[in-house]
Structure formats: structure tokens, C-alpha cells
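Chain lettering (A, B and C) follows the sequence in which the chains are written, and residue indices restart at 1 in each chain.
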Amino acid sequence: MKDGDGVLALHREGNLLRVELNRPERRNAMSLSMVEALLRVFAEVEADPSLRILLISGRGGHFCAGGDVADMAGAAAEASDGTDPIAALNRRFGDLLQAVEGSRAAVIALCEGAVMGGGFGLACVADLTVALASARFRLPETSLGITPAQIAPFVVRRLGLSQARRLGVTGQVVDGREAVNIGLAHILAEDRAAADAMIRHSINDIRRCEPAALAATKRLMNRAAQADLAPTLDAAAAEFAGFARSEAAAQGFAAFLGRQPPPWAREDA
Amino acid sequence: MKDGDGVLALHREGNLLRVELNRPERRNAMSLSMVEALLRVFAEVEADPSLRILLISGRGGHFCAGGDVADMAGAAAEASDGTDPIAALNRRFGDLLQAVEGSRAAVIALCEGAVMGGGFGLACVADLTVALASARFRLPETSLGITPAQIAPFVVRRLGLSQARRLGVTGQVVDGREAVNIGLAHILAEDRAAADAMIRHSINDIRRCEPAALAATKRLMNRAAQADLAPTLDAAAAEFAGFARSEAAAQGFAAFLGRQPPPWAREDA
Amino acid sequence: MKDGDGVLALHREGNLLRVELNRPERRNAMSLSMVEALLRVFAEVEADPSLRILLISGRGGHFCAGGDVADMAGAAAEASDGTDPIAALNRRFGDLLQAVEGSRAAVIALCEGAVMGGGFGLACVADLTVALASARFRLPETSLGITPAQIAPFVVRRLGLSQARRLGVTGQVVDGREAVNIGLAHILAEDRAAADAMIRHSINDIRRCEPAALAATKRLMNRAAQADLAPTLDAAAAEFAGFARSEAAAQGFAAFLGRQPPPWAREDA
């Protein structure tokens, strides 16, 4: 299996595949190249029934700090043939979330450090999400002048409308303990060693489950939970592109990069 | 902005509007006049983008003890042209819950004392619900011989079917701590001073969010959560009117006003 | 009311009916005969408005350890006229879950000991579920090479997709405390005496509720939560039959009965 130009570190052990997000210098920000590499991994998993369990984690103490702002700037520049390159980029991340959620294999996410934006979305689609107490989950999109467009439907399915809207509207940070309380994560670990032990234990639990029955159970449950997801994601991508091109988002990104408050963060704004 | 004949106390601070329910002698029971006043507030908010945050609370130590029984008696008397005045009254409260949930602005609810019936419904549609530990949340409708008709869909979306049905079926009281545990409220405060501090902090969080992105995020998430809400609410209003006119409800209201147990509250009833 | 050939023990007290699952030597495994007996009880409840509350528990320290493997083997043998006898058997359990969820009466479940498979499903449809701290909730299906087919939609509605999928995919055990935390149960009891006291208290709460209003509230909330349930259950029954006939399930049942690990529970399987 290819490692996607080094943005992923892959390591196979029997029927388990370890997938590490490998851009530690960017807190594993989800670049388009990383999205494509993950999509290739999930495509290969579907083609290889001997892969039964995926463990996704991040190198360098963070899971994933969100989308890569540089990609969005790049996509905006290359506008083309009538299709919107930012919407296409955004929708591609929705493809990844659908691929994870719909995967035949069991997917475990180990959440530590920053779990934000796209990383938050990934945490919401794993079958088993383990959170370190010190992890920091956040939807920072609205504070940047954009929306958690592809992520929103998965967050609503994971947390329910109430917590989803609260976190989307306030941009508040949730630690590992609260993540478990609100159903974002399933298992709380005090530190990385405890998390690793719990994951080993869970891998043994999953190995006791018959692979085709496991895949059918996921399908059954996903079907029970969902109205048509794909049209929702299509509409969300178009909306995202509009926001990402807006003056507000330009100000939000500039403020973020300059470590300044954006213009709307004033009492009378 | 008008204050709705004194049933609301309104106070603006920059992009924040404080809305106090102001019938403390009735524990802020939700009269039709109060519903209409709140609907006018939300209409003005939609028309004025400079209003970004609403804080709803109740005067006198209670949030809102429910619907106003007097209004229902009044509406029953004025039956008219084929439309059912009680259904119309009930549906109007559904309009309010939809207006709060769909508001462009971020809505915070400060829940203390009695949070019952319509008050419980309001707590379920706020973007951020802060609960005092001592607050008492309850759906008392079935014990009065009526149903939480307009409220039910919003309660189910907030709590899920399981807790919604349990609270509707048993009429049990939930305190602030349990309200946070079951997802009714987001933040627990030990007393009013702590709640005020948490709300100030949350207002700052919300001000960091770009207003149009915030509104779009709410829309996205509401859309992801809902089948068609309006037909559900229409049907519920008709059903409510039937119950409110029933002999059982007449007995329930009389028992409530007379502080007596209703006839059905016997082991063999 | 008949007791279904002794598989149920029924005891009426005023408007309360106590229903005990009565196969303690099999940890109250849900045989087809028990399913039919419970369906008769719920049919009689619908016909007799003086029955307002049902309390379901299990004799001998366990609630219900799941479906009865012997029945499935029996049904597989009698294949017939084009209809699939295993699918019919499975779908019948879905009928029961629908009957419990849709019952006019308030249904309380007292969960102790093993609450697995079909027992887990029953716990998910009661209006009020009381869990002993020592209870063990589990979906063991995938570890047997089958799927929680009829149960899955009710588990998703109870727990949300996230916890439902985690428990379906890992087969992990949840104790009473975690069952309350994830919304599977509503009330935690440290021991049986505490559970009995809480149930007496809750029965009094329910008696204060007007019966027709209670039934209408359940209908309203069920309707608000559900897309069309029946087609989902039909499809799930067909899928279940396929799995139950599979070589994997035969191995799973044999491993279960022989207390051996199944062939897929190896690192490289």
C-alpha cells in the first residue's frame, strides 16, 4: 500500500492497518493531498477483505488541526470551467468522511492534542473514538468566516442537533472528558499509554467479531440513521465555496495567520 | 424595539439583546401575548443584522412555568369560523420555537427555577442553554390531561426519542445536573453568579464568530437534522386542540388549580 | 390473561401488570414461544384500557440473554413455500419491539444481569429503563457471525448512530452506569432493592398522568423520531436470514456452544 507521498505513515500488522497522519509540523492539517491519500487507503481496504481494522492517529502529539488554508487559497486561484474548485475540494473531504463511515472495516480513531475542523469530522465517523483527557476538540470554522460544511451532517449525526449547533455557533473547545460525555468519543484515556492499552483491548474485541457480519451491521445502522446524505453534502459544498471566497473569510484567514482578532469580534460589530 | 406591553423586558448592549420574560407573579407563564411579543422580537432580529446575540431569561427566579391556562380557556370560548382557536393558539407557540431555532442570531437561554412545558420547549431550541443546578425541568402536560404537542418534536430533536418519551410519559422532574447529562442543557452553573460569568464568557466566544457564517452553520445543521417540521407541527396542533377541549383536560386543569389529584391518579383508574 | 405456556409469569395489581420473563435456566433467552406470548400480552393491553403500566423483568437475576439459538436451528430446518422461515422468525421479534414502543401503556424495564441481543433490544424500547449498576448490556451478534438485524433500528434511535455502531462493531460490554451515561437506560440503581423503590416511585409518577394523553404523547414523539420503520425492519429480516444460514454463523454458534473462539478471531484472519 502506498503512503501518499509521505503525508501518511502506514504500518500493517496482520489484519490491522495503522494509519498515521504525518504532517507534524502543521499539526497534521488536512491537505488535499492527505485527503486523496486517505481515500486511496480506504479504497484499498474495500478491495482487500484481509484488512479488518484501521487505526487512525496523528504524529507529533496532535490528531489533526483542521483543513489546510493554503489549499483553499490555491484552489481559489485556479478557477476554471464553470465548476467551482473550492466546492470540489470541500466535497472531496465529504467523500472521505463517507468512505470512513461506510468502510467495511472497523475504524478506530485515537484523538490527542488538536482535534479541530476536519479532524473533528474524522473523529465523528470512526466506529470507536478514543479521547485523551487533554485533547482539544473544536469547530473553529465560524470564527474564520467559513462554515463546517461537509462536516456538519456527520457532527449532527454524532452529537445530535443540540450539541452540534452549540459547538458550531460558539466555537467553544471541548476536552476529552466532555467529548465522552456528549458522545463525540466513546472511551476516555488519561494519557497515551492508557489509550494504547485500551486500543489493544478493543482490537481484541473487534477480532472476535465476524468480518462480514460486522460490515453488515455497520450498513444496517448507517441506513437506519440517515436520510439521503449525498445531496446534503453536495449542497453544503456549494455553500462552503461561497463562504471561502467571501471577504469575511479573507479577513478571518488573515486574522488567524496574523494572530489578530477578526473585525467582527467586537461588541458592536 | 417594543417590549410587548410589558410582558417582556428588553435591554440592548451593542450587538447583544437581553430579553427577560416579565410576568414574575405567574412564574413567567407563556401567555399568548408573550408569545406574540417574542415573535415580534425575533422578526426584528431577522431584520437587523447588527443584533447578533439574544439572551433569554426570566424575572423573579423562574425561567418559565409553562403555558397560560387562562389563555386556553379564553380561546375555547371564542370558537369561530371552522378553524379551531385552540389549535391556532397552540400552533403559534410552534411558530415561536421555529423562529428561535431558525434565528440568524445566536440564542442563549438562562434556565433557573421552573423550566416547564413551554419553558422546557424554549430551553430545547436555544443554541446555548445554561442550567442552574437548582433548576427544575419538567413536561407536566400529560398530568394535566393534555399533550406537549408543539414542543414534542423539538424535545425529541434535543434529547432523542428515549429521554423525550421517558419525560413525556412519566412527567418526572429533572434538575440542572441531569439536564446537562441528558443533553437538554449544555453548561451547568452552581448558582446565578456562576451562570452570569459563564454567559459573559460564552458571549465573547460567540463574538469571535463571523455572523453570516454562524447563521449559515445553524441552517446547515438544522437542515441535516430535520425531516419536514412544519407538517408535523400542524398535525400536533390539531391533536392538542382535541385534548385541550376534553373532559380529561377540564378535570386536569381543575385539579391543578384546586391542588387536588386528578381522577386518573389512582391505582385502579 | 394467559401466561404463554409458562414462559411468562404475569401478575396484575390494579392498573399495573407485572410481566416476568420466566426461563431462568436459559437466562430468559427469547424463544419464539416467548415472543408470541409477549405479543399476546401487548395485544390484550391494547384491548383493555384499564391496564396502564407494564413492568417487564426477568426471573433468576438476568433480564434476557438474547435470542434462542435452538429456535433458529429449528426454523432453518423447516424451510417451506418460498418464504424464509428464519426471516419470518426474526421479523416477528421486530413486531414485538414495535408493539412495545407503540403501546398505549407505559412500559418499564428492570434490567439486571445479562441484557443482551434481544434483551438489549427490549431495553431500548421501554419508556422507562432502570439499570442495576451490575447489569451487563451487550450486542453479541457480530461475534456469532450474525447481525442485530431487527434490533439495530431501535438501538440507533435509542443511542444515536455513534454508540450504536460502536457497540455493534466491537461487541463490547456496557455496565449499568455506562448504560445510563449513553442514554440506554434512564435511571441507575445500586441494587435490586433500590431499583424496586425507584420503580414504585416512578409508577406513582405515571399514575398521575392521564392515560389517553400519555398514549398520544408517545405517538407524537415516536412520529417525530421516525422515518418509515416497517420497511427498514422488513429488509433487515431478509438480511438476517442470509447471515443465520451462513457458514460463518454455523461456526459462530458452534464456537459459542463449545466455548471455543471462532475461526475469525485470529490476528491474521
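As a convention for this text, contacts are C-beta pairs under 8 Å (C-beta built on N, C-alpha and C of every residue); 3 or more make two chains touch, one makes a residue touch a chain.
What you are looking at is a predicted structure, and each value in this text was computed from that prediction instead of being measured.
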Touch-based graph of the chains, sorted into line, ring, star, complete or other: complete
Same or different contact residues where subunit B meets its copy subunit A, judged by the half mark: different
Cα-centroid distance, subunit A relative to subunit B, in whole angstrom: 34
Subunit A: positions in contact with at least two other chains: 157, 160, 181, 227
Touch list for subunit A against partner subunit B, complex: 141-149, 152-153, 155-157, 160-166, 168-172, 181-182, 227, 232, 236, 239, 243, 246, 248-249, 252, 261-262, 264-269
Residue ranges of subunit C in contact with subunit B within the complex: 13-16, 50, 52, 106, 124, 127-129, 157-158, 160, 181, 183-184, 186, 202, 205-214, 216-218, 220-227
